[in-house]
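Each of the next two complexes has chain A plus one other chain: chain B in the first, chain C in the second.
Coming up: the complex of A and B.
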């Protein structure tokens, strides 16, 4: 039995196809989010990856900013609940999830059953989000995926504002003019994201184990800066970006089981 | 009138303040704009003038940017914007109190930006409770009276103020009753907001009559379903898109601590021989508001207690962007909620914000948690 979770974010669309509520039959990530054909592409790709057909899927839950617009869903849930569920499936001991996506950052507090007990979201501001990294990578004429490698070379991260993307942009330009080394500049940018998200985490309360999810979690520079900022080890999975879709697929599985139970 | 007709009438008044103003002007009355958060409306009313609330509007700001930096309360900015654009044309004066730094700048900017509507300052004391604070408040009221007489030609009398104090106390009681009834009645967040918002654009005696009738209808009507109850706190909670997010997610407002709403109606004017002193005593007795100085921050416990009394499972802080008095209170509110086992959410609101998708996500997550 297949269930599908689709996470339609501001910058990417992600799918997880789950078999019998336990095994991941396929996954997909498309760099196109809500308002594009990204969700359809992601769906097509995950079906191809799993060798499955659309009609094999018994239930679909959509999550992410585009969750209400996706026509092919049987239900929708907030990405906060879905990330909590997805992370708990992969790391059952995690009590704090720091999820940084394309346009927002969230911190979730989980109990031992993986249930979300508290959360905080960033203000309506790009600082401390994936968009911030994207803007900074643009100024430095780098691909966002290159930031991680460059940050690793830094010995002395530059100080970059975590308050505002616009302020930070002018600071980066000033630092470039002042001849700051590129690795230090990139590490400073990663630190800026970490500082902002760490402040959000402290608002919720940091309980170990701590895990990062969302697209920005793939950046080791941000993860390392976060570890320094919070003074805790940050757990990471290669599936970080897919945690929301995974959680959605698990909720879809619950829905099928609930339906079957009610029929019996 | 039935429940729906009464709610429609209040919605009409809440949605069309300009039409309300034109109606009063057509009746030959003079109107005076009253800015947030507390002004002596009783004085305005006692002089035969119509107090009209001005809390800005959800809109883009252009003209007011000549006077304000970007990082300041958008309620103030949009009040000035509407003034510059001539949207308040017809009012005889505007009373702007000195209750926060942004309000102080509104008064100063108003004098230069909107020359055809006289600015009347209402300067309140920081220490409002001691006798010297009460005297200071009375002196502020006397200044308002003098300026109102000069701007409108109306005359002040203590006998008329005594009657207006009584009318406002009656309105307070009806609004307090409404808040309690609405907590259990089958009413949407938007309808609840209409009842509070319309109060700013109707004479209190008219509003009292409609809300009193509505209260009876709501008591007789169906009860609200579900137990996802919250207390809402903040300066303002009137954005239709934000209120829709509450309704869409089945989150019921069981009580509020909103400056534009219930904070207005908590304290009555005491019955004293001198009605002006009585009005000043009312201000001195007011509490539990971020704009009213209180070194003990009793408001924090008040919010938690109100949430408990009303069976709320969470506290939604609607944080007006760049409102420092509210921001200062947020940290102790959050800590108190955590200690009391109440979920608290901080939702940023702004007069220029149209898209409340992030707030919707937070409220949906709250629903899923509950």
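Coming up: the complex of A and C.
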């Protein structure tokens, strides 16, 4: 029995197809988010990956900023609860989730059952999010995936003090022209993201184990900076970007189970 | 841009509290405009200035905060903020101040006009930005400003020394107004106003406390509209009568098992902060569509003043939410949460109000911990529509709802 979780974010669409509430039958990530054909593409890709058909899916939960606009869902949940659930499935001991996505950063406090008990999100500002990293990578004429390799080479991260993406852009350009080494600049950019998210985490209260999820978690430069900032080990899974979709697929499984229970 | 267009609704019953309160709020502006047209002096007055003083003296005053909220709720916030920003005021300044300063220059706003002032009455028990805002008005219009300084109280209770400090200023304000306007203070009239203000306040606080019932007999967003009368007219006989009607209606609603909250009440929250006026419908709908009723807010109760004499009045104005210490403010909110069976708190991180938004992260954390309930916050503004994101609001409210649902045992 298949259930689907689809996480439609500002920059990407992600799907997880779950079999019997336990096994991940397929996943997909498409670099196109809400308002595009990304969600449909992601759905098509996950079905192909699992060799399944749309009619085999018993329940679909949509999450992410585009959750309300996706026509094919049976229900929707916030990405907050879905990330909490997805992370708990992979790392049952996690009590704090730091999720940095394309346009927002969230910190979730989980109880021992994996249920979200509290959360904090970034304010109405792109600093400290994936968009910030995209803009900075653009200035440096790098692909965003190259940032972590460059950051690893740094011994002395540059200080990026501006709290605003636009001002930080000018600051990075000034540092470039002043001759700051590229690795130090990239490490400084990663640190700047980590510092902002760490402040959110402290607001919620950092309880170990701590895990990072969301697209930005793939960047080891940010993870390393976060570990330094918070003084704790950061757990990470290759599925970091898919945690929201995974949580949604688990909630979809619950919905099927509840439906079956109520019929009996 | 803020919200657009409203659905047409049937005219309310003229005997209803809603109709009466709406008429009193509107009449405050027309009364002042008529007084001005007759050649009388009118003032602009801060919302937490002792309204008993102009009321006793028979002076007509308008409330810039109330006007700014009305302009913002009717879609004029961005236009007015842009006017004052063009004058050089930073967009970091309170949007009520920006709208008011813009109105002083433009002298008209189709959303809510009011006569220009002959004097301004300022009291900093609600915020200190107001001092500079009113000083600028006084300077530009070359009119007197009367300031009552009620500093933030770091202690839990209001001391006798504080009362003396405030009382001397109240009398000074009265004497200045007598000299400037030619009106005379009457002890007898003051007692009448005090009694009427007390009647309004008692009925108002009693009405808001009806949310102790489950389900609540009213939608908390009603309070945000009705409180305009508590701000502008609590010392008037018709306000006391309308508030008593409101209380009667809420009691009747409870007895009949009905509510002005037009949805099934699944969750009950406290809303913290000034309303996000430019997005009132969006913020209200985001709650109502999920069965979340905002059953209480300190913002509404703040305008209920109950006291017995002149000294008591001075003490009451020193004991308002933005002037009291964190522990006292926290305890008042904890009481509201417990009395009204609140399951979660939604905090408006209001870009306009640095004071309120500044102390709220720690205070809401303490309240959430004491009551064992979740707290979520969203970014917004009391009057500048540009500081709000609907999608972000929606996610936060949904997250709060999912935690409240989990706390009921509905999701594990």
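Points to keep in mind about this one:
Methods note: the second predicted complex is superposed on the first by the 263 of 264 C-alpha atoms of A that agree within 3 Å, B and C clash if a C-alpha of one lies under 4 Å from a C-alpha of the other, contacts with A are read in each partner's own complex, and residues count from 1 in each chain.
By our rule, a residue touches a chain if its C-beta (ideal position, glycine included) is under 8 Å from a C-beta of that chain, and two chains touch if they have at least 3 such contacts.
Small disclaimer: the values here were computed from a predicted structure and weren't measured.
In this overlay on chain A, chain B clashes with chain C. Contacts of A:87 after superposition: neither chain B nor chain C is touched. With both structures placed on the common chain, the touch criterion links A:242 to neither chain B nor chain C.
Look at A:100: by the touch rule set out above, it reaches neither chain B nor chain C.
Contacts of A:119 after superposition on the shared chain: both chain B and chain C are touched. Shared-chain residue A:203: touches chain B and chain C both. With both structures placed on the common chain, the touch criterion links A:77 to chain B and to chain C. In the superposed pair of complexes, A:65 makes contact with chain B and with chain C alike.
Taken together, the two structures place residues 65, 77-81, 104, 115-121, 123-124, 203 of chain A in contact with chain B in one case and with chain C in the other. Of all residues in chain C, those touching chain A in their complex are 349, 361, 365, 368, 374-377, 379, 387-389, 391-392, 394-396, 398-399, 402-403, 406, 411-412. Against chain A, the residues of chain B that register as touching in their complex are 334, 338, 343, 346, 348, 350, 353, 357-358, 361-362, 364-365, 368-369.
Of all the residues in chain A, the ones that touch chain C in their complex are 65, 68, 77-81, 104, 113, 115-121, 123-124, 203, 254. On the chain A side of its complex with chain B, the touching residues are 65, 77-81, 104, 115-121, 123-124, 203, 205.
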